[in-house]
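The same chain A turns up in both complexes below, where it pairs with chain B and then with chain C.
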Partner chain A sequence: MSAHVVSMRDALYEAPGPKMRRRIRVVTIFALALIAIGIALVVRQFHITGQLDPRYWTLFTRTTTWAFLAQGFLGTFRVAFTAGAIALVLGLVLMLGRISEAAWLSTVSRLVIDFFRGVPSLLLIYFFYLVIPKYGIKMPSFWMITLPVALAASGVLAEVFRAGVNAVPKGQSEAALSLGMSDSKIMFKIVFPQALRIVIPSLVSQLVVVVKDTTVAYVVSYPDLMQNARVLISNYDALVSMYFVVAIIYIIVNFAINQFSIYLAHRRGTKIISRNDENPV
Partner chain B sequence: MSDAIIQMNHVDKHYGALHVLKDINLEVARGEVVVLIGPSGSGKSTLCRTINRLETIDAGEILFEGTPLPQEGKDLAAVRAEIGMVFQSFNLFAHKTILDNVTMGPIEVLGTPKAKAREEAMELLRRVGVDSQAEKVPAQLSGGQQQRVAIARSLAMNPKVMLFDEPTSALDPEMINEVLDVMVELAQQGMTMVVVTHEMNFARRVANRVVFMADGAIVEEAAPDEFFDHPKSDRARDFLNSIMGH
Partner chain C sequence: MGIQELFSTYGENYLQALVQTWSMTAISFSCALVIALAITVFRVSPIKPLRILGDFYVQVFRNIPGVSLLVIIIYALPYLGLTLDYKIGAMVTVTMVVASFASENLMTGINTIGVGQIEAARSVGLSFGRILRHVVIPQAVRSAILPMTNLLIGTLLTTALASQVPLKPPELTGMVNYVNSRSVGGIGAFFISAIGYAGTSLVIGYVGNLIDKKVRILR
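Let's turn to the complex of A and B:
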């Protein structure tokens, strides 16, 4: 199976010849050297400015530090998960409205989508944090961060879904029509399941954006990973080391999301795309 | 001609400035096999697709069993359910197994219980010779196999008419016959068929009537032997000469 997987690079470029291979080797060595020098410079600067001093790092030996970070991580997870779920559902609804044959519904949906896509999520957060309470609506800080992040993502997801629906060959719905299936059954049984497989990569990048958007939670003082890190920083005066560790945590989380998407794409996508599983090597 | 299952009266259709169907009058009787032939761009596929309203028409009327085709909604879907269609590019549901492709219509449209639908689907797949592939997905099958599944999928609805829109045009040469064989068998069993094709031997052998189209109009209609041996119009003669040249 894996022998048949064609990467984008294989599809776009021809196989390198001997000269090209030599050049690739030289450039690779050069690039590795540059990266090594870069890292060395950073470490040196850290050393000069005293950032490597143990007092900035010993806090990571305490369980309380990690417990507090874990608490923040849980907050981030709750916000991202809830916002992601809301955005998926709302994005689907907006997309269905957008492709509706009723002109008014399509126009309204497009306006809503463009609004949520166009407005920075921070602005939406300010709206929920500063404007809505003025009208006497009390909202826990959890929703003040979750709703705007969800709304901002829903606009993008609606467009991602729509791109997927448009990418499903017209023959699929024509075949379903010719069987006498209703429009809604065609959408939910034939078109959307295929559209979903097509857009999984874009969907996942958008979920990564959701995770990153949650970091503005400090605006509404919701205890997410970023907010808790800020508390620890002011307690221990360990700015660089703390942000360094937190950055790594975010990278790991988003890397995990990406890996999950690759797993999903392989589990469900290759079934349709690959014609080669019939004759394994 | 009270036995006509499909009647097209003065049907016209335009794509912008292009007049793709010009005053089409055609009747298909129950049990009849009508083959539409003609040069590419002559409107034969479009004609075929108007019969289940995958293409709308601008003027004229199309009757199915004596009733005008509904324009939309449940009524139209109900008529479509009685008209099978096989496409040039198969159009099997790419995310469903072969078996699910065939049971989709009966389960979702006719409300057939799952177990019964599966049983009937397996029987149909056996009939077209792809029952051993039932659990695979369409991309794992050859073109000829996929097209046979597509025929089984249509048959699962127990259609009164089958439309074939160039069913072998996308196939590798060695796979054409396996699909034609299934179609011949269907015709022999008395299925009413409208077939758009370039397979002249099939037309000669199976058709009750050949309809020759050019530039959006029906130029000539005749029994196959009559048409192939003594074409009346210059257009038909030219067309036959150009494809029979070798």
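Let's turn to the complex of A and C:
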């Protein structure tokens, strides 16, 4: 959250007088009490259903548990970064096609981008998992999860790149054109380097989407964090604790990526372009 | 199996799947908007614990992978004494995730209004409620149309999570699984579902763009 958010939040209210301050204090205490009661109720529910029993939690004191989870995390990491790298290249190619002067190329690229943006990644995963093998193509489980995740991300990245290219002032390419530079030279020497700088924070924040998409790797039985957690669950019979711990790991990882992208955006003075800010399909 | 054969055998099922996806999308999105409104009110309120609670909600649910939340709601909650129907569980998952993004959209909408406007409104003597009603909300809603359109499409895509639970009838993504477990659906089975999603997104995007053009504030 940038400093701007806080200032707008605070600007909504006048500086409170003594009466208002008292009221705020009362409501604050009331809210605190309600939150405390809520937390207590959740803990109580864990307790009366026996989920706080040490046998569900002692597995987290063993190094083997964490080693196995770390192994799974490495799998998640591998899929996410490979998919991210592929999506980066593919997204760039699709964007170049989309803004090309050739009408047919632009139309085809647009269709491909819209298709990948308009279809859930899970459907693409089922395509690679259920449909492709029917045509006699054998693929390791790593690619059955990585390729669909990459394809889904490439559509979004293409639009992020395009937003970046559009953000470079038009006068620059006009100036380059008047110097006699060719279209491709203008793109790669003038526009794209600047566009890339603008979109780097957005690219980082898209990594969160990729990491989230990898969590269904168990569909193709690739050993990622979630899949390894499921193995541990069947070994230790500790479903509730394990699913909660894994969820917290994912939240922390994604939170860190998000914060990093916000930091980058802040340092470069650019905005993060997310799927929500793009033009809808 | 060709597309024609697929349609004659599974046409009815595909229709049901499409309706299932649509109903889950509509219900989840509406509920998410209501929750997002409440959370956003929390986040801009002067009550510190509520602000923190709102921020916490958003950070947790925008960062949790949908599947991770789904398995907790469907498979872990029954151990804690709360068993939800598969469809309800899937919709709760989608709703909670979408609500966090919707709240972010609303916050961005509020932030596009300059602090100066609030100060101006206050200096002409508008009360807090009136500032909200006449200055903040109209502008925030208008500038949130496009992000919310995208979020509705996002909701549509997120409902694909429901394919991970035995839903009856299955939704569009689950249909690919359903067809392939009964006959060789091949590429056609995938494409019918894909067109169901892409076509719906296209219509939502088109309508959203129209509304946005009508109400957009040119700055």
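Note that in this section the second predicted complex is superposed on the first by the 220 of 281 C-alpha atoms of A that agree within 3 Å, B and C clash if a C-alpha of one lies under 4 Å from a C-alpha of the other, contacts with A are read in each partner's own complex, and residues count from 1 in each chain.
Following the convention adopted for this analysis, a contact is a pair of C-beta atoms (placed from the backbone, for glycine too) under 8 Å apart; a residue touches a chain by one contact, two chains touch by 3 or more.
This structure is a prediction, so every number in the text was calculated from the model and none was measured.
Colleague: Given the touch rule stated above, what does A:71 touch, chain B (first), chain C (second), both, or neither?
Modeller: Neither partner.
Colleague: So in the superposed three-chain picture, is A:100 touching just chain B, just chain C, both, or none of them (first/second/both/neither)?
Modeller: In the superposition, A:100 touches no partner, neither chain B nor chain C.
Colleague: Have a look at where A:246 lands relative to chain B and chain C in the superposition and call it first, second, both or neither.
Modeller: Touch partner of A:246: chain C, not chain B.
Colleague: Go through the superposed model and pick first if A:202 touches only chain B, second if only chain C, both, or neither.
Modeller: A:202 sits against neither chain B nor chain C.
Colleague: Could you say whether A:46 touches chain B, chain C, both of them, or neither, answering first, second, both or neither?
Modeller: second
Colleague: Between chain B (first) and chain C (second), which does A:175 come into contact with in this model arrangement: first, second, both, or neither?
Modeller: A:175 contacts chain B only, not chain C.
Colleague: Compare chain B and chain C by how many residues of chain A each one touches, and report the one with more.
Modeller: On the superposition, C touches more of the residues of chain A.
Colleague: Identify the partner contact of A:215: answer first if only chain B is touched, second if only chain C is, both if each is, neither if none is.
Modeller: In the superposed model, A:215 contacts chain C only, not chain B.
Colleague: Contact-wise, after the overlay, does A:24 reach chain B, chain C, both or neither (first, second, both, neither)?
Modeller: second
Colleague: Report, in rising order, the residues of chain A that make contact with chain B in one complex and with chain C in the other.
Modeller: 275, 277-278
Colleague: With touch defined as at the start, can you tell me which chain C residues reach chain A in the complex?
Modeller: 43-44, 46-51, 53, 55, 59-60, 62-69, 71-72, 75-76, 79-81, 101, 104-105, 107, 110-111, 113, 115, 118-119, 122, 128, 131-132, 136, 146-147, 149-151, 153-154, 157-161, 163-164, 172-173, 176-177, 180, 184-187, 189-190, 193-194, 197-198, 201-202, 204-205, 208-209
Colleague: Which residues of chain B touch chain A once you look at their complex with the stated criterion?
Modeller: Against chain A, chain B makes touches at 52, 54, 74, 77-85, 87, 89-95, 104-105, 108-109, 136-137, 139-140, 150, 153-154, 157.
Colleague: In the complex formed with chain C, which residues of chain A make contact?
Modeller: So the residues of chain A in touch with chain C come to 1, 4-5, 7-9, 11-14, 16, 24, 27-28, 31-32, 35, 45-46, 48-49, 51, 114-115, 117-123, 126-127, 130-131, 134-135, 208, 211-213, 215-216, 219, 226, 239-240, 243-244, 246-247, 250-251, 254-255, 258, 275-281.
Colleague: In the complex, go through chain A and note every residue touching chain B.
Modeller: Touch residues, chain A against chain B: 169, 171-172, 174-182, 185, 189-190, 193-194, 197, 271-275, 277-278.
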